[in-house]
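Here is the structure we will look at.
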Amino acid sequence: MKEPITYTKAFEELQAIVAEIEQGEISVDELSAKVKRASELIKVCKEKLTNTEEDVNKILKELDAEG
Amino acid sequence: MKEPITYTKAFEELQAIVAEIEQGEISVDELSAKVKRASELIKVCKEKLTNTEEDVNKILKELDAEG
Amino acid sequence: MKEPITYTKAFEELQAIVAEIEQGEISVDELSAKVKRASELIKVCKEKLTNTEEDVNKILKELDAEG
Amino acid sequence: MKEPITYTKAFEELQAIVAEIEQGEISVDELSAKVKRASELIKVCKEKLTNTEEDVNKILKELDAEG
Amino acid sequence: MKEPITYTKAFEELQAIVAEIEQGEISVDELSAKVKRASELIKVCKEKLTNTEEDVNKILKELDAEG
Amino acid sequence: MKEPITYTKAFEELQAIVAEIEQGEISVDELSAKVKRASELIKVCKEKLTNTEEDVNKILKELDAEG
Amino acid sequence: MSELIRDKTVFTLTEVAKSIQKTIADRYTSAFWIKAEMNKLNYYSHSGHCYPELVEKVNGRVVAQMRSTLWSDDYININNRFLKMLNEPLKDGIKILFQARIKYDAQYGLSLHITDIDPSFTLGDLEKEKQETIERLKKEGVFDLNKKAVLSLLPQRLAIISVETSKGYADFMEVIEKNPFGYKFFHMLFPAILQGENAIDSINYQLSRIEKVKSHFDVVAIIRGGGGDVGLSCYNNYAMAKTIALFPLPVVTGIGHATNETVAEMISFQNAITPTKIAEFLIQKFHNFAVPVSEAKQQIIQEARQQLLDANSLLQSEAKLFKHITIGMIQRNKNLVNTHTRSMIQDAGYVFRSERNKLSTARQTVLKDATNQLQRAKQETGNLHQTFVRGSKTFLAAGNISLQSLEKNIEIMNPVHVLKRGYSISLLNGKAIRSTGELNENDLITTTLFDGTFESTVKKILPQQS
């Protein structure tokens, strides 16, 4: 599931889950699954952020090297 | 009986029993059985809450560790 | 007679006797028997109450123990 | 004759005899017998009352003792 | 003759005699005899009354004594 | 992709990317690709500043040929 | 004089010419001020004389034409004044206001002998020509065309119209070639005359050449410099200006002079006072390109990092919020469950207490009411007992009283009491004698007294007389 989801989608879904929980739209029964999903999403987001940061740094290092 | 019942159902039934007891709608004859049932429901609810809480804490701990 | 009678039935019968006695509908001849019956019913009820209370307390103690 | 007669019957008969005597509906010839009867009835009634009272007290004392 | 006559009969006869005498229907010849008879009847009645009174008093005394 | 793009297009695209990034119109998902693209474009542009491929002889030949 | 030939009066050509000369000399005794266009100056350098060709045009068509002469001394004098006032020499194609005499020569025909030319008229006319050029270009809608031409983002390839040996060209190349930024230009010189009448054709020619190879160039630079300010009116020329205006590449001009801006400069893509300025303009274009490119790097680095930082902090705050509300929700539910548990314990306890109370009340009621009832029954029984005793006694007393009353009555009626008072009862045959009529003499009667009887015989009967 990690591959196809985008950071944007993942973050939006995370926000949606948080909003649902905040507005009491989730029952305790669903909470565990939602928490799991949220955790996956957070991981996906972090991973994507880290990867992107590495990519960007690498590119910029190259750019600097070339002058 | 623990497996199939949801937290929501359990909590609603618990509320109903508590309300019945509060409003004196339960006879002494039924009381023991009702309290037993309520106690089971409370256990179910607590268990579910505890499990969810553990899940959440675990996930968030992982997240903190990673982040 | 103790086994089959319910608390509710016993209490209702007790109330009926009390009402009869209160309204003077019982003759002196019956009085002793009625008082005896009432006393039996009170015993039955008390016993049931005590048993129920013990049950309930046991259940609740278990509940507390489990947290 | 003591066993079968009830307090109620006894009291009624007593009332009737007393009324007869009061209203002079009795001859001197009968008086002695009537007085005898009345006296018996009074004894019966008093005895029954006393017994009943003792019974009731005993029953209730037992009840109290049992708690 | 004493035994069989009742107080009531005696008293009635006595009354009848008094009535006859009062209405002057009795000859002087009979008068004495009637008076004699009346006298006898009075004696009978007194005796009966006294006996009855004694009986009654005895009975009532017994009653009081008993309670 | 380096070959066909003109420095003008490169410059425009670069500026567009800068504007997008500045206005936060680029998602994290696109960021890496955009930065990479920007880096390529920067290379193209910088190269252009210090290089030109025109050849006087070729131009003179063209001038002579036609006129 | 004239002769007659076959009835006709015939003059010789000389006679006619002399007649015309005389007539003109008589008619035009003084000099005139005339205005005309000097189509050609026709300066002859070895003699120093000029034979200007004068015309008048209406709507471009020649309606009058005349030859003229301007002698060397006059020419030098007038030309100096022109140069001084117009920065232009006397030249072809200008309008002039001149003083002239009409002269007829038999050999050369009619001509005007120019003695003076007013440079201020020509100045006005040149200015007028400039204005006309501007208006015409505007009217044709081409005035702004070169300004609207698109200059390459990097005007890197330069077609230079200049003179290789000129100072302007050298200045320009110095700046372009030795720029400290390492900007690389490609340039190619298209040599041309840059001032005077010939400049128009020369420049137009080179422009036409450049146009052929325009794809190799980004910009055309017309660079002049060091040649003084003379002969620049060519840049007001309509033909040249139009060529520049219509030129497909942007044309930048660095003509370098202190006089008024020429039309060519006005309509050029960019005009600079000096060639150096043109070079700087081009360098500036490079800057305009280079600076954003190198800034872009910084901006992208900064923004990308900032965005990642922002995203990271947003993510973390979302994660924190998520944790907070999730735990809050669990806590809330725990509290609810606990509340219900406590409530149930309390309520169950209440049920027990309440039921116990009810039972206790029932017991008390039973005790109280049973006792009361017994008490009441005792009372009733006691009352009845008393009534019974009293009734019995009353009954007996009543029996006594009635018996005594009867006894008293009987006692009263007992004849003994009458007899005691002296009365007696006499009986005849056992019957009380109530009347004397019942008696017969000698009847034996029995008389009763209170204390006994006696017997006697009737002796005499005495009935009562009433």
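By letter and in written order, the chains are A, B, C, D, E, F and G; residue numbering begins at 1 in each of them.
What we mean here is this: a residue touches a chain if its C-beta (ideal position, glycine included) is under 8 Å from a C-beta of that chain, and two chains touch if they have at least 3 such contacts.
Note that this is a predicted model, so its numbers are computed, not measured.
Undergrad: Strictly by the touch rule at the top, which chains does chain D share as contacts with chain G?
TA: C, E
Undergrad: Which chain's C-alpha centroid is most distant from that of chain D?
TA: Here the answer is chain F, farthest from chain D.
Undergrad: With contacts counted as C-beta pairs, which pair of chains has the highest total?
TA: Greatest count of contact pairs is found between chains F-G.
Undergrad: If you average the Cα atoms per chain, which one ends up farthest from chain B?
TA: E
Undergrad: Hey, how far is the Cα centre of chain B from the one of chain F, in Å?
TA: About 66 Å separates the centre of chain B from that of chain F.
Undergrad: In angstrom, rounded to a whole number, how far apart do the mean CA points of chain F and chain G lie?
TA: 35
Undergrad: Between chain E and chain G, tell me the centre distance in angstrom, where each centre is the average of that chain's C-alpha atoms.
TA: Comparing mean C-alpha positions, chain G is 137 Å from chain E.
Undergrad: How many angstrom between the C-alpha centroids of chain F and chain A?
TA: 34
Undergrad: Can you tell me which residues of chain C touch two or more of the remaining chains?
TA: Answer for chain C, listing residues that touch two or more other chains: 11, 28, 31, 35, 39, 42, 45-46, 49, 52, 56, 60, 63.
Undergrad: Could you pull out the residues of chain G that touch at least 2 other chains?
TA: Residue numbers touching two or more other chains: 297, 300, 304, 308, 311, 319, 326, 330, 333, 341, 348, 355, 363, 366, 370, 374, 377, 385, 392, 396, 399.
Undergrad: Check the chains against each other and report every pair that touches.
TA: Pairs satisfying the touch definition: A-B, A-F, A-G, B-C, B-G, C-D, C-G, D-E, D-G, E-G, F-G.
Undergrad: Hey, which residues of chain A end up touching chain F in the complex?
TA: 6-8, 11, 45, 48-49, 51-52, 55-56, 59-60, 62-63, 66-67
Undergrad: Which part of chain G faces chain C closely enough to touch in the complex?
TA: 341, 345, 348, 352, 355-356, 358-359, 362-363, 365-366, 369-370, 373-374, 377
Undergrad: Show which residues of chain C lie in contact with chain D when the two form their complex.
TA: 27-29, 31-32, 35-36, 39, 42-43, 46
Undergrad: Under the stated contact criterion, what part of chain D meets chain G in this complex?
TA: Within the complex, chain D touches chain G at residues 7, 11, 14-15, 17-18, 21-22, 24, 26, 28, 31, 35, 38, 42, 45-46, 49, 52-53, 56, 60, 63.
Undergrad: Contact residues on chain G for chain D in the complex?
TA: Contacts found on chain G: 363, 366-367, 370-371, 374, 377-378, 380-381, 384-385, 387-388, 391-392, 394-396, 398-399.
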